[in-house]
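Presented sequentially are two complexes of subunit A, the first with subunit B as partner and the second with subunit C.
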Partner chain A sequence: MEIMQFATYGLINGALYGMVALGLSLAYGIMGYLNVAQGHFIILGSYGTYWLFRLWGFDPFISIPILMVALFVLGAILYVAVYSWLLKFPVIDRLKSSLLISFGLMLVFENIAILLWTADERAVTTSYSGKVIDLYGLRLPYIGLGTIVLAIIVVIALHLFLNKTYFGKAIRATAQDWEASQLMGINVARTYLVSFALSILIAAPAASVISMRVISPGIGVEWSNYGLVLVILAGVGNINAILPAGFFLGLIEAMSVYLVGAPYMGMAGLVVFVLVLLFRPQGLFRGRAGL
Partner chain B sequence: MRGDKKRLLIFLFIVAVLAFLPIYIKGDYILNVLFLLFLYIIISQGSNIMVGYAGLLNVGQAAFFGIGALVARLAWIGGTPFYLALLAGGLSSVVLSAFIGIPSLRLRGHYFAIGTLALAIIGRITIGNILPGVSFVPRQYLEGYSLLFRYYLALGLSAAVIVVVDRVFNSRLGLAILSTRDDEDAAQAIGINVFKYKMTAFALSSFVVGLGGGLFAFFYISYYYYVPFALLWSFEPILITFVGGAGTVAGPVLGSIFFVILKEAFTHTLGEISILIFGVVLILVILFLPGGLASIPKKLRWRQVKPVLQKEAEGGDSCSQ
Partner chain C sequence: MLSVDHIDAYYGDLQVLWGVSLAVKEREVVSLVGANGAGKSTVLKAISGMLKPRKGKIEFQNVRLDRERPYKIVEMGICMVPEGKRLFPDMSVLENLEIGAYLSQARRVKEKSLEWVYEIFPRLKERTGQPARTLSGGEQQMLAIGRALMSLPKILLLDEITLGLSPLVVENIFEVIKQINESSGIAILLVEQNVVLALELAETGYIIENGRIVGQDNAKALLEDERVKDAYLGLPSGSGEAP
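Our next item is the complex of A and B:
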């Protein structure tokens, strides 16, 4: 029974990892940008949730739509101000340059957050925080269930957007070959702008969930790191496999906590990650390529 | 040839000034800052070898810095003479690079960068768990502790590293490494063993970074064992290299000077803002000055020449450096 409990927590964590990684995978898959500042954008969103809760009593789950709008605007501004300039570099250099740019953004955001809100750890405590449903001895936290449901909703919504809507198809076409897309009459500049903003927007649910755990300015790197690990585990650009990979990573971590102990929790995932990198660099779930 | 001589003279002059500086300066503050500067020059030259010359982004440098510091520290405290301890630190880092490089350098592109990032985090977590305590220098060592000696050691090492990087990348070996960076397929086609040269660059860079780690361990009296494994030791040298100018010998030096001045000048007055400024400068440099600070004089000079010539020079620029 105990192992089931660990597995439950693993799945809950995995759902959160999946939501964190979606934005990274989108930006990477569509534009070839490796945006390691994603974790910092998420933490910024978490601070938004935190203040909405503290000042006006907004429930973290309720504030997700507000957060989505705010993050979309932030993403659009960042794209215009910084990331759009990278398009002039060849595709190979885009990855390296975007990595370095996002290092710079990491420094900027982290220090702004420290200046504004100090380095203290904070968290949103709602009326249902820590409450659990008892299912035949298996403890299912409300927030955890909410996380899994959110993750599934987000993934399905993104899938429908990319596959069923006209604009989503334009994004996929641009990801495959932007020159050809331009010839077909797609406005590539606008598509890039929206997809980058979308990759930040998609962090809103993750930001809301993280605000109920613990937030501090320095924690963004860890989430970016989880995101990176998942992008590789799922296979670069393979958005459909992100959530399964997240569940997989969560379960691996949970089992390592069960068998070895909590201090090495972060490591089990990384060891699996390195093994995947060495032996299956195309990712765990090959499936259909990409978007 | 004349340019070479001029550069050598300037270099020797600066080193001589720095060598005589402690005679005129009272107080330890300046020497401490300069020590930090030398340390940053060493480790950012290490990352320059990788990202500037070999075109490989090693985000896991913290692991190499950390292992160098750890081995050197344990050896030194264990009673080994410091120069052997430093050497052991550098060599342990080379051994680590062989473990990492032999499987991973065969992969292309982003996998190396992300894989080494994972390595750095694994190292940080492992050391934080195995050695959670503080490392102290034993009492009998403290009595003989001399800042001046460490100053000269750091000065000598950083000067040596600069000379080595300059010489290596003007030699056949260096040209081979550059060719793997510029076009891997073309290099392979003309008979260059790409993997071998990438691995050589990786080992050289790791040795330099490991020496830097040893210097860190030899300088600080007490620190948490995990501190040299912190991710900052990965990011800062890369950022310094790019701000200064990747793929040039002068770049990391200029970047380190800029970084250390910013850090020291503003730490007491502005605190976090110094790092914020550095972040903004980095973004601006990447976007608008891809050659880094080191390319400013050349840019100014080329402005006066015909645009056609400029284009040509920029195209062949990376090879003739």
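Our next item is the complex of A and C:
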């Protein structure tokens, strides 16, 4: 039974990893931007959730829509201010330049966050924090269940948006051939702007969940790391595989905790990451499904 | 309807078009022929807004377009079938066609256009759910043309659409283009290395060499022109070299 308990925690973590990585995968798959500041955007969102809770008592799950709007606006502003300039470069240069830019943004965000909120660790503690459902001895935390439900909703919503709406299809077309998209009357500059803002907005549920764990200005980079590992595991640009890859990574970590011990949790993920890079650099899953 | 007026175009610092002028009238088929690297495709790129000419101007229905962005030019009714088809490989045939009808005016009549395109290319209807990359070369070219038609263009720019296709498929596609022009009155500007077929289809022909227009005439007359025969058809000298 104990192994099942570990697996449950693994799946919960995996769902969160998946939500963190989705935006990274989207921005990379659509525009060729590798936004390593994604984790910092998320933490910024978590601070938003934290203050909404502290000042006005907003439940973190209820704050998600507010957060989505705020992150969308933040993403759009950042895109116009710093990322849109890269469009004129070939995709490989976009990748390199976006790495540099987002590294810079990481430093800026981290230091602003320290100035504003100090380096202290904080967390939202709700009335249901730590509460569990007992399922034949298996403890299912409320927040954990919420995390998995959120992750599934986000993935399904994104899938529907990209495949069923005209604008979503235009985004996929632009990801596959932006020049041909232009020739079909798609305003590529606007599509990129919305796509980038969307890649930030989609982290809102993750930001909310993380605010109920622990937040500090420096923690963003850890989440970006998880995001990058997942992007590689899933296969670059393969957004449909992000959540399965997240569950996979979560389970690997949980099993390493079960078999070896908690201190090695982070290492197990990195070992898998290196193995995948060595032996299956195209990712565990095939294709660019979803874009 | 479309007039290109003395444009100069550059790739970086390299000038590739020198004072190129040409005109397409309503419902007309015009062919622009020339050797590889003569600047044929560059002319189409300039019209579709992918390359801004440094000098000269381009007008469509008396509206200047050479400073507009590509999607605005599509809105005006100019749609290009780019060289190499440039389909969306991981999207289905239907989705490719839907993207063709992305403009709001085209989207409103999407279902009707879809029927029309499937009527022209019944093969596409059979393949409707298949990813574009799984189609044969000929089918991909049909899809590329069909996708452009979905935008309900007033003029269609066709860039080397016969490249890499078998002679039979090529003939087939030219037949279809003729039909499209005759039945719906869409003007066509055709850029081709396949000089004979292109001039046979067109009413007016232009010859481009090293980025300059060197000849312009009724297409049938051009086919008889000694210079054309010499340079592109390789008929009289009989040297047997490919053009």
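Note that the second predicted complex is superposed on the first by the 287 of 291 C-alpha atoms of A that agree within 3 Å, B and C clash if a C-alpha of one lies under 4 Å from a C-alpha of the other, contacts with A are read in each partner's own complex, and residues count from 1 in each chain.
In this text, a contact is a pair of C-beta atoms (placed from the backbone, for glycine too) under 8 Å apart; a residue touches a chain by one contact, two chains touch by 3 or more.
Given the structure is predicted, the values throughout are model-derived calculations rather than measurements.
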Superposition on subunit A - do subunit B and subunit C clash or fit: fit
Touching partner for A:182 - first (subunit B), second (subunit C), both, neither: second
Subunit B, subunit C and vertex subunit A (Cα centres) - angle in steps of 10°: 90
Partner chain(s) touched by A:170 [first = subunit B, second = subunit C, both, neither]: second
Which partner reaches more residues of subunit A (counting touched residues only), subunit B or subunit C: B
Contacts of A:230 with subunit B and subunit C, given as first, second, both or neither: neither
Touching partner for A:270 - first (subunit B), second (subunit C), both, neither: first
Which of subunit B and subunit C A:105 touches, first, second, both or neither: first
Subunit B and subunit C, minimum CA distance [Å, superposed model]: 7
In the complex with subunit C, residue positions of subunit A that touch it: 166, 169-170, 172-173, 176-177, 179-189, 287-289, 291
Residues on subunit B engaged by subunit A in the complex (per definition of touch): 57, 103-104, 107, 109-111, 113-115, 117-119, 121-122, 125-126, 129, 231, 235, 238-239, 242, 272-273, 275-276, 278-280, 282-283, 286-288
For the subunit C and subunit A complex, residues of the former touching the latter: 48-50, 69-71, 74-75, 79-80, 82, 86-91, 95, 98-100, 102-103, 106-107, 147-148, 151
Touching residues (chain side subunit A, partner subunit B) in the complex: 34, 82, 85-86, 92, 95-97, 99-101, 103-108, 111-112, 114-115, 221, 225, 228-229, 232, 236, 263-264, 266-267, 270-271, 273-274, 277-278, 281
